[in-house]
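Should a chain be cited, it is by its letter among A, B, C, D, E and F, assigned in written order, with residues numbered from 1 in that chain.
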Amino acid sequence: MEDIEHIEKEMKLIGSDGRRLDGRSFDELRPIRIEAGVLRRADGSAYIEWGGNKVLAAVYGPREAHPRHLQDPARALVQCRYNMAPFSVSDRKRPGPDRRSVEISKVISEAFSSVVFKEQFPRTSVDIFIEVLQADAGTRCAGLTAASVALADAGVPMRDLVASCASGKIDGVVCLDLNKDEDNFGDADCPMAIVPRTGDVVLLQMDGHLTYDEFQKAMGLSIDAARRIYEMQRDALRRRYSVTLEDILKESPPTAPVAEERPVTSEEDFGPEGI
Amino acid sequence: MSEEIVSELMRAHIYRLASTGQRVDGRGLDQPRKVSVDRAFVKTAEGSARVKLGNTDVLVGIKMSVGEPYPDTPNTGVLSTSVELIPMASPTFEAGPPRPDAIELARVVDRGIRESKMVNMERLCITPKEKVWILFIDIHVLDYDGNLFDACSYAAVAALASTVAPAKSQGLGDDFPLPVEHWPVSVTTAKIKELLLVDPSLDEERMADARLTVTTDENGDIRAMQKGLSGSFTYEEVKRIIETAQRVGRDIRPLLQSS
Amino acid sequence: MEDIEHIEKEMKLIGSDGRRLDGRSFDELRPIRIEAGVLRRADGSAYIEWGGNKVLAAVYGPREAHPRHLQDPARALVQCRYNMAPFSVSDRKRPGPDRRSVEISKVISEAFSSVVFKEQFPRTSVDIFIEVLQADAGTRCAGLTAASVALADAGVPMRDLVASCASGKIDGVVCLDLNKDEDNFGDADCPMAIVPRTGDVVLLQMDGHLTYDEFQKAMGLSIDAARRIYEMQRDALRRRYSVTLEDILKESPPTAPVAEERPVTSEEDFGPEGI
Amino acid sequence: MSEEIVSELMRAHIYRLASTGQRVDGRGLDQPRKVSVDRAFVKTAEGSARVKLGNTDVLVGIKMSVGEPYPDTPNTGVLSTSVELIPMASPTFEAGPPRPDAIELARVVDRGIRESKMVNMERLCITPKEKVWILFIDIHVLDYDGNLFDACSYAAVAALASTVAPAKSQGLGDDFPLPVEHWPVSVTTAKIKELLLVDPSLDEERMADARLTVTTDENGDIRAMQKGLSGSFTYEEVKRIIETAQRVGRDIRPLLQSS
Amino acid sequence: MSEEIVSELMRAHIYRLASTGQRVDGRGLDQPRKVSVDRAFVKTAEGSARVKLGNTDVLVGIKMSVGEPYPDTPNTGVLSTSVELIPMASPTFEAGPPRPDAIELARVVDRGIRESKMVNMERLCITPKEKVWILFIDIHVLDYDGNLFDACSYAAVAALASTVAPAKSQGLGDDFPLPVEHWPVSVTTAKIKELLLVDPSLDEERMADARLTVTTDENGDIRAMQKGLSGSFTYEEVKRIIETAQRVGRDIRPLLQSS
Amino acid sequence: MEDIEHIEKEMKLIGSDGRRLDGRSFDELRPIRIEAGVLRRADGSAYIEWGGNKVLAAVYGPREAHPRHLQDPARALVQCRYNMAPFSVSDRKRPGPDRRSVEISKVISEAFSSVVFKEQFPRTSVDIFIEVLQADAGTRCAGLTAASVALADAGVPMRDLVASCASGKIDGVVCLDLNKDEDNFGDADCPMAIVPRTGDVVLLQMDGHLTYDEFQKAMGLSIDAARRIYEMQRDALRRRYSVTLEDILKESPPTAPVAEERPVTSEEDFGPEGI
């Protein structure tokens, strides 16, 4: 295995035609497919396939926070648990949270904290569960993007959806949305998430090596991509609540629409476009 | 959480219906829900299957690695089954180390596979006493609508049947499918007062007095049993449940075998 | 060690005379000795020697269940903790519960739940502790049998005692009460527990390979044996509460009788024989 | 749980009696309870002893296995002592990882054995730096009526003295009894106000201000000491307690040695 | 614990002052507190540094041992960073396994050092695939007055720079200083409403809406970033914060480098 | 490493001149330096250097004990947590409490329990934190000595300070205050702590091999040393609360005196000398 990696390290990640190994150009996203309302027990849910990533998100709440001493008398808690299934990566991951999962859970919780109208639901918690079923780099962005749709599906009032995408640097070139090989053998990775309507940055992490100029190029790519992803999120919600309900994900047929009882969010909150 | 308690009204309704041989979802008492199987859902696993039993949704991934055998079974591979009842699947599931429910579930699924000798574990020995294949069955419950014993067992069996051992990447010759030799099928019956209901839904399960899981093989022989909950069965009931398990098992087995 | 086991695998477990290696016939129990009231602090206790098994059982309660949020306002909890001492098996067992112990604790708790009059003691718990001091297969049946006597010794009102025994298959023959070698190298094991007065099955597990016919033979043997064990349980309780208190277990002399203050159970509950 | 608190009345009674040199169970202040020792109680262990000290009932099993020495003691076997205060023994004991009480108890018993060089651990070295015998002292408290320090120590010493190393099954020559060279005896004294009581019963222990455990060897030399509880001793009291421990130790030692 | 909540009055005061470009301790908004570095505080460690950032007081010790590399990086040493938020340092810290706050802190400090390639980890390989140096960065927070991200990072960098590998005691040639090649400096900015404050004190940190930590190297290049807290930044704010981090980093770097 | 130790085992720990390897005589303490009030957040604190030991102690409280069910309605809890930094010993120690730390925490808690006026602060806890930053044998005595000063610095009312010192036996000679080599290769170690004003023994442990005579010699040395250490403790408190505040520990300047608001203890409680 080490030999293979060694070879790949020597290998160019960008070909002479300027294309990446999977054929994408530097500013091209991997294929993304989002489905809202895929689970029955959860209050809201979504499934995303993003390149080789397969991620489920579910939302429960607002529900009574427990244990009680965690309750905030002034607002809802927004709590995310990001988890990787043991079989989602090439070397089996032991079940349960590792340090990486704990950190990702924390930054995703914080990202959603700024968009959920927490003050409307004191003493409750909004619980977001992200399960990575198959991983191919960028799982936090995929999970965040799906969780955003799951929150809307659960009818949790929000200022806006959150859309997320990473950019990075491979072979010295700033590129959008690294896949696993690009992430492993690249020079930098910079996941971010924004509130598309305002452009506010709610998640930002970086590791690797970027000049200030490169960082700005990366952010430019990510912001642009996040706006495209935002459209996909809204499409997924439109399909979910449309009259002709498409049974796209054969294994997980969406349950009956619940839009009547749990409005996703009000027109005012969500901007002129509605959803 | 109030939704978690089956209302008295619902309990009465379920029982009244069942005492006339009917169930809320239209099934007969000895009829399981629809089983659908999606194989090879997860590419990062050596094998996988997503099974829906009614609205219960379970994903199993199989990972294989090379390790040491147990000292007392130096010539056989190692089988390790674990269940995560992730909080995504139900408002009653909590994150954290597995609780008794999840441990019992994992052990009963494991016994059904192990005791039926579904996979010939001796053929997973590489070098006796030194190197064997280790088979991890990881069960991820995604959506919980009752009867996890059977749903998890079906998903594990289907996933094992689709598993290809990654021998080549380990320098151990060509990849090969697992040596599957038997086909265990688990069938769970719940007892509500004096009535016996096969494949209980969530509401039925919650009002059940007792539960009996019977795993039979392709010959109808019994490979594993587990009684649960705080009620009891008469011996006659036990026998009826076994006969039903043999019959229902015959119906479900092909769904797990076909690819 | 592996070689020895290999030899034993080839070895016949049933001789040409139809006898098992320890000389028993197929329907013969190992020697069993039960003693009630062997501990001072516990509310009730019993000690059992069953073949090579040495098992202690103790009962505390009904006592206030804690932590409080576990209390059931309508009935008592029946909670069993089955535990093996580190030195009770040939390879030292690490202290603390393993997955096997957790499962056994659960099925034993459930077995007693159906006989204890739980509704008489809301908000309490009846705590059953089973300690395996020396193990030789069949420890859950031995523990359950002893715990039943300990519950009676503690004066916990019950519909009846619970009696337990396993049967299995060795060398293709259905046999009663497997010992350790028979369990290790046999074909099937099927522990069960019944309420003797009614024949109700309160515990039933099986692993291995039994045809339906063989299962019925095994159950027949076990049910018959459980009725004999029931007599031994009652004998132990009679000795415990008799005028001439026999000091059978020299190391653990029974303490003074407490039958006056804590009646084991009423005549109605326990059948015409009383105890 | 109310029984767990010694009533004011009982406290007054115990103290009044003790101030006249008497105790509830008829002993004198410097007199331990009856010690009974049952060896070889557990056949699955390499050695065992069940000790009753009054109504306190403790079972110790010794297991031996072969493993690696610690890097800083390459020529000596490994000794590992653990105590389980199982909830069977007392309504105040809880299941779970050992709490500070159990940890202190295990460490004090361990020190008495280790520091007295009771077992010649260097003779448990098989191959320096590579293979040594590992000696597990597992202490199971069955019934708790006070003074676990001494009861556990007696059971551990008696169990070690009855232990036969299973060398043959490891291909390491003939089985052999542990090389026992010294005989530590632990004697614990409780202080109630100004009074000193040897081998406190449960009620005495619960009202004690301070506790001092002194382990002496067959020469009367001190091998380990441990002061406990939130009260204090004068230096004069410490000296009296040591002298008592030497004397009581001489009485109890033969009970642990004889087989 | 009441002292743990910044009073409304204090919050108003801090904000009012800040909106005129001032801070309670006299600093300007983009000015960090005084940094003092005490190297080689701990002789039992291979390297150490005690850093005070204002009243925040952090001690880092570096230990090195020899072990196996990770299978996927067979030619590089292993770096392991952990933070203990010991209850000594703040009434809000509790003993026990690290909570999400401490885990994030350790990971962000670790990334700053790892991603900047401060230490050439390939030169810590002894025998590829078999033996490498393992570098433990243990961060002990002694007194908490805000901005642990920067204080811990400074102490870790200064400690690494003072570390001498104990090669001789391992029979691996002469002792040698760690091969330090880059100098990452972490600069954290807090956002309070629309204002940006560098190196927030405890009171400032507690009322902050968002936090951004930027680690730059000696060329001003970005090596790691971490946004925290539940507020958000505009992209323009992010850029201003990076520029400030580059400038402040240049000022602080010499303090970490000099000995 | 083993070889080195083997050599040292043969090595004499006491030279022909009767001096120990570090030049001390049998009844000589290592250099000790104590500083009170070295931390800002803690209610009281102290730092001690004792030979090669560097130990910090901090005190919080009396403050509300939590979790609540631990509260004692009649008195304060005195709870100590002794902890070694991973880098404080030659082989890195894994973070978190090991069995040794748990035991030491317990005996130190008990030692202070007898001097703190607990009845004045029902339902609270006095939390003592001892951090060993660099260890060289005798850390529990050093920690206890520092914690005592930290308690006084926090203004916790006490009958007296507690002073602590160990004695032991090396090369057959009873000696005061063993250092690391002496502890590792010596014959016995006997840490103790007393209340200097009364001589009451509040901590006493011993392991090794001492005749009764040797024990008395050891105790004599320790008691005498504890009285000298008591003076150093009081000096540290005097410096801390004096007008001319000496900035001895450059890295940890003492914060402003708080004696006005939190009197260390009353004249009556603390003896005629006051502090």
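Rule of thumb we're sticking to: a contact is a pair of C-beta atoms (placed from the backbone, for glycine too) under 8 Å apart; a residue touches a chain by one contact, two chains touch by 3 or more.
The shown structure was predicted, so the numbers you read here are calculated from the model rather than taken from an experiment.
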| item | value |
| --- | --- |
| Chains touching both chain A and chain B, listed by label | none |
| Matching chain pair for E-F (criterion: over half of the contact pairs shared, by residue number), options A-B, B-C or D-F | A-B |
| Farthest chain (mean CA position) relative to chain E | C |
| Chain B onto chain D, rotation angle from CA fit, given as a multiple of 5 degrees | 120 |
| Chain located farthest away, centre of chain D as origin (C-alpha) | A |
| Separation of chain B from chain F, taking each centre as the mean of its C-alpha atoms, in whole Å | 59 |
| Chain centre separation (chain C, chain D; CA means) in Å | 31 |
| Where chain C and chain F are represented by their mean Cα positions, the distance between them in whole Å | 53 |
| For chain F, residues that touch 2 or more chains besides their own | 1 |
| Category of the chain touch graph - line, ring, star, complete, other | ring |
| Chains in cyclic order, anchored at chain E, direction fixed by chain F | E, F, D, C, B, A |
| Of all residues in chain F, those that touch chain D in their complex | 1-2, 5, 78, 99-100, 102-103, 105-107, 109-110, 113-114, 190, 195, 199-212, 215-216, 219, 223 |
| Residues on chain C engaged by chain D in the complex (per definition of touch) | 1, 39-42, 52, 54, 56, 58, 60, 63-64, 81, 83, 85-92, 95-97, 127, 129, 131, 133-135, 250-252 |
| Chain C-facing residues of chain D, complex | 1, 36, 38, 41-45, 48, 50, 52, 55, 57, 59, 61-63, 65, 82, 84, 86-91, 95, 97, 136, 138, 140, 142-145, 169 |
| Chain C contact footprint on chain B (complex, rising order) | 71-72, 74, 100, 103-104, 106-107, 111, 114-116, 129, 212, 220-235, 238-239, 242-243, 246 |
